[in-house]
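Structures incoming, each one as structure tokens.
What follows is a pair of complexes built around subunit A, which joins subunit B in one and subunit C in the other.
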Partner chain A sequence: MLDKVKISSFQLAVVIIGFIFSESIISNPSLAAGIDGWIVILIGLISGIVLISIFSFISILNPGKTLINILIDVFGKKMGNLIAALYIWHFIHILSLVLDHYLGFISSTLYVQTPMIFVAIILTLVCAYCVKSGLEVIARVSEIWIPITIFIAILLFLALIGRYDVNNFFPVLEDGFKSILKPSLYMIIFPYGEMVVFLMVFPHLNKHKNVFKVASISTIFASLLLLIVTLRVIMVLGPDMIERITYPNFISAKFVPDIHIEVFIAINVLLGGVTKVCILLYSIVMGVSQLFKLDDYKPFVMPISVIVIALTFWLFESFFEHQSWSEEIYPYYSLPFQVIIPIFVLIFSIRKNKMRSSKK
Partner chain B sequence: MFRTLIRKFNYLKLNSLNNSSIKNTPKKEEIPKSIKEIKNKLNQTFSECNDFITRELEIGEKREIKVIIAYIDGLVEKKMVDTEIIKPILIDSRLTKLNQEFNKKTTIEILKENIISISGLNEVDDFNESIQSILSGDTMTYIDGNKKALKADTRGFEFRGVEEPDTESVVRGPREGYTESIRINTALLRRKVKNANLKFESLKLGKQTNTDVMVCYIKGIAHDDVVETVKRRLKKINTDAILESGYIEEFIEDAPLSIFPTVGNTEKPDITAAKILEGRVAILCDGTPFVLTVPYLFVESIQASEDYYSRFISSSFLRLIRILALASSTLTPAIYVALLCFHQDIIPAKLMITIVSSREGVPFSAFIEAALMIIAFELLREAGVRMPRQIGQAVSIVGALVLGQSAVEAGLISSMMVIVIAVTAITSFIVSSMDRTIPFLRFALLIGANVIGFMGIFLVSEVILIYMCSLRSFGVPYLAPFSPLNGMDLKDTFIRVPVWAMLKRPKALTENKDGGEQSGYRMKVNYRKKED
Partner chain C sequence: MKYGVKRYLLLSILCLFLINLTGCWDNKDIIELGIVSAVGIDKTSDDQVEVTIQIMKISAIKAKAQGSSEETFWTFSKKGNTVFEAIRSILTTIDHKPFYNFNELVVIGEDLAKDGVMDVLDFFERDHENRVQSFVLIAKGISAKEVLSAKTDLASVPALHLVETIKSSKASTRIIEMELFDLLKGFSCPGKNPVAGVIEKLNSEDDELKIINLSVEGGAVFIKDKLQGWIESKDLVGYLIIINEFKNGIINIPNPHEENKFVTIELKKVNSKMDIKFVNNKPIIFLDVKAEGNIGEQQGPGDLTTKEMVKKLDEGLEKKIEEEVTKVFKLAQEEYKNDFLGFGNIIYKKNLRYWKKVKDNWDSEFSNIPVDIKIKAKVLQPGQVKKALEPK
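And then the complex of A and B:
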């Protein structure tokens, strides 16, 4: 199964851009720092490149192996399986957080009266169908959707030019560096650290040596897009509005003169988010099937989807609980999964590679 | 429950593509030696066949060798049989001076080399094959005491002339279309592509009909795998009758249950020629002017032959218009319903007032209204296709006046909805190759829009997109130049670049040994530059 499915460099790049860009536009972690959000983005970009290079070098040093196989290699059979299971749990958790983000956004801005469970089910069904069709299809669908999302983001940036106020940037770092420390940590974890799931996707790249190049370039591109969005929000809304509004990205689209296009933009962004849900769901079911050494992952798609939907409704009472949890606890909770264990795995892989080459 | 259904569908799919246990090639049977036996056998085979004709002749110096000539009346050109076969045997054989003497063994050689004056002459030693050739219009000559017989190509029957097809009329470009005779069709193609690499491989399909089918491709351009796949799938067809190429299409397509066509068809030789020059494979079927081309990709539904005959700027513009038409024909009713039911805030206030006042007194919801009108339109269209041309006007009067104006005046339908459906209808005519697919998409999107507004539309289109991305046509992804993306292949999609700038053949179709280089074009460009 692993050998057959191949995706091209462009497809991988598009999927990575969709993964970073789509959800962060709903709840932009950098805007927790107010008008200093752009500094947070730049910090996030640098650390994101460091993280993505860790992940891609792990994949390069273990060609043809997914995260599950690598973990079992590194930690031995028992420990490895345990940590792999924990990772799968972590991915399920991330997926329900993502879904909760989307549902919160939809139910508070677009479809106020529609029951959340209905939206959750149809959204997850579409993603489950996509995952069942295979990784190639996920990549191809993103290949068409993500460029449209990018195009609209840039178009919106241009459409709002008349509303920009450059004075909104000042004063820079009014409260000192400490105020942007927490948002920066969240930024590192939220779009970039979650990219650890791509360890399940990297082995499918047709030119496997290009992993680092593709991943880093697409990360930089996505971060620049995020920067554009953040600049737009800061210049349009200003410090007071950003603090008060829950979805500043969405509200800033309402300032486009003469026409109301925010619905299109919101839905477009949501559908970019389908990429993120699909990649996460794919990684989970692929991980489960590899953990239990099965050939096919398709039977797991529906059960896992049901678990994810249930977890989504079970996790938080309200959006604000989610928001505060993800800002206060989430970074520390995911630090071991997204930073510490990968660094350990990388060191181990380098040592193992050296030993192998010295033997030869 | 669903699993059993799915399993059944899978079985059907397998059955149509992979069932090769029964082959329809008949066993070889020798031709009997004595003329009496041959006669008996022929009469037995063609008993009660009124159009089967045999004639017994005698040949040789002492008229001792008997010869039977057999053909089917109506399929052969009678004059040819009379003057080129019967007359030489009766008269010329006596007049010409021969090196050999007539006896039972040499007769066939003499007939073949010295007497019968027909260009297409072959020896046959299989009785069943000889019957097959009689049935397809050849004339058989059986000779007493010989295990071989002679097959003379005397095919000649009435067929429609080469005319301009109604379905694909053009303003500029060749007007000739295929006919029902496969031989004429191959000739039309050969006249376009005068190249020995243009291959026609023939097959007989259908246990009862024995229809002639030809696989046509250009060797060196078409991908070997595609050619092999086509031939393999054609050979696996196990059915009674092939009456039209549509039968073949259903047997060989990749996704038999899909609403999207994965096999293309055309009535014009210039279109087929262009497609096989890009590396596709054509399948010609006797008895129909429609020629199939595979692989068929989504882009082809927005391409037209005229794009390449008119200047590239105008044809690029037309491409964009067609894409717009495709989008508007599927999306317009859904967007209207979504706007009206869910997103009223997007509509400008003045327009909203007009819409509301036009909907005053309409008893149905927007969705029911749209669904009714779409169904009415489909009914009208089908009526227009099926009925005789003379009463076409009556239908258009009924359609335009009764369903349009009167329905609005009676308060059944809002005038806004009539506009929406009119836009939908007109645009659906532009992309005529997708006209069997669009109604399904339109309805699916409409339902999505009625359930949850724009999000429904986007989710349904996402599902459609996922489905299209998972489709393949003979190994080529259905959405080929868009996804998987190929930058060079985009030259012939949204816009059509000038012909002299099309340097390479589509990569998705021909990842071939010579790199798919379209030889000559690059040279031409350089040449032009030098001239300047």
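And then the complex of A and C:
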């Protein structure tokens, strides 16, 4: 089954861009550093490239294998299955967090009186249908949506030129490097660390040797888009405002003269969001079916979706809870899954490969 | 046969999805809404907030265009401890739910402004329905409620009349165009206090207050978020030149041929740059102004196009601009002791180390810093006549 589904390099690139860019639009981690956010993005990009090269080399060294197979290979049958199950749980958790983020944004800016559960079900239903249709459909849908997202991001950047104040960048590093250290480190796990799910997708690339090239180029591209958004927000809103406003990107789009264009941000979030939710959901159901050695993942799509929606509403009672959780606990919780285990797996894969080539 | 049933089922499900396309959950028809065009906030004697809203009557606007004399707006006032409480209690009186998305103007009463405006402005920043792009005016010597109930004969709705007046700041140096967002930004900016627009009452004998009896001119100087004092509209020229917001305006200088007659110069382009310089480790405010203008009007006789006369005009213009600018610096440094010119902000951006040393008592520090002004002005064109007519 794994061999049949193939996606092209361009499709993979587009999916990666959508994955990184969509959620970062509403919760840009770099803006925690205020007007020095652009430096944070450039520093964060380095960690992003390191991480993406770890992930893609794991995939290159284990051709045709998904994360679940690789884990069982590396850690043995019992331990490997346990860690794979934990990974699936982690992905379910990430998906709930992502959904909670989108719902929080939508319910506090646009659909203020619509019940959140309604938005959640509609969004997840579309994604579930998409996942049921297969990875190729997800890739093709993203091929249509994500260029629109990119276009909107650039359009908004140009539309606000009259509002820009370059002086907002000064003074650079008011509180020294200390103030940008924490946001830069946070960027390792969000948005780049979450890309560990792509280990479930990389094996489907039609030219598998290109994984590193495609993944790194699209990561850089997505980060540059994020940089454009950050520059726009800084130049429009200025210091202090960025740190106080809940959704700076959304508010800054309100300043386009004479037209109400801020809805475009929501369109961006939803279009990119569909890609992100789809990829996560696909990885979860694929992982479940591989864990239990089943042929088909489709029966799991609906149950998992229901679990995810339930978890979304069960996890946090308020915005404040989510915020403090993602600042204080999330980095430590996801570091093993997104950085430590992948590094371990990579080292092991390199050793195994060397042993195999020396035997020959 | 089975295939056909399935297809019809699918089609009907698809049609069901169309229901979603009708709009948001909380969608409302435009006639069910009371579109708010302006909000006024005052402070009552018992320390409460009084919110006044001006709602457009859409049907009456249409009727007025056809000659009806029906009023095109309602105003409502309600009191409350917070703005939100007052705004919600308006619902007990009117049938249409006020809709704030098209709110163009926020008027703040003088008493409230003196006690600090951030207690009321937070709502406008926080609530999703409000626009931070509405203009702000401080009502001087008149309550915001009175401003909003003033009637207009010219525009369809008084608030729109005021908004258009504010927008004419592009050709006038007597008006300050200040959006709510810029005001909030001004409050949060280190080393800079904002100056907001002012609306005041002109002397008139009419019983009923009309918008014709109001005038949008001058500036309101804030210190932190509290109103400190006023800048008179004739002094605004200097202020606008210093902060480099001068767009277009006129300046009168004496006619070189005859001292008591005027020549009016229309300034087309004024660029100014404020900077900090250290002489013997003491800071100096350095202002560099470059101005260009045309002759707009000439009183009295004489040819102004000769070489000497043009030079004299340039010098006269420079002297006049320096006068205007110095007047504002005096106001800021001596009278108000308040850096509303944003000089501290320039230090904050350019010399962070020095700023950290002085920021705690910046306003008193600011009033002792000497000012060095350099002005270069040029008169470019005479207009459609070269020489004024001399009656013979």
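One rule holds for everything that comes next: the second predicted complex is superposed on the first by the 359 of 360 C-alpha atoms of A that agree within 3 Å, B and C clash if a C-alpha of one lies under 4 Å from a C-alpha of the other, contacts with A are read in each partner's own complex, and residues count from 1 in each chain.
What we mean here is this: contacts are C-beta pairs under 8 Å (C-beta built on N, C-alpha and C of every residue); 3 or more make two chains touch, one makes a residue touch a chain.
Just so it is clear, the structure is predicted and the values come from calculations on it, not from any experiment.
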| item | value |
| --- | --- |
| Partner chain(s) touched by A:140 [first = subunit B, second = subunit C, both, neither] | first |
| First (subunit B), second (subunit C), both or neither touched by A:114 | both |
| When both partners are placed on the shared chain, which of subunit B and subunit C touches more of subunit A | B |
| Contacts of A:267 with subunit B and subunit C, given as first, second, both or neither | first |
| Partner chain in contact with A:32 - subunit B first, subunit C second, else both or neither | neither |
| Partner chain in contact with A:122 - subunit B first, subunit C second, else both or neither | both |
| Set intersection of subunit A contacts, subunit C complex versus subunit B complex | 110-111, 114, 118, 122 |
| Subunit C residues within the subunit A interface of the complex | 20, 24-26, 128, 131-133, 181, 184-185, 188-189, 348-350, 352 |
| Residues of subunit A defined as touching subunit C within the complex | 108-115, 118, 122, 167, 170-171, 174, 237-241, 244, 251, 254-255 |
| Residues of subunit A defined as touching subunit B within the complex | 8, 10-11, 106, 110-111, 114, 118-119, 122-123, 126, 129-130, 133-134, 136-137, 140-141, 143-145, 260-261, 263-264, 267-268, 270-271, 274 |
| Footprint of subunit A on subunit B - complex, ascending | 342-343, 345-346, 452-455, 458-459, 462-463, 465-467, 469-470, 477, 479, 482-485 |
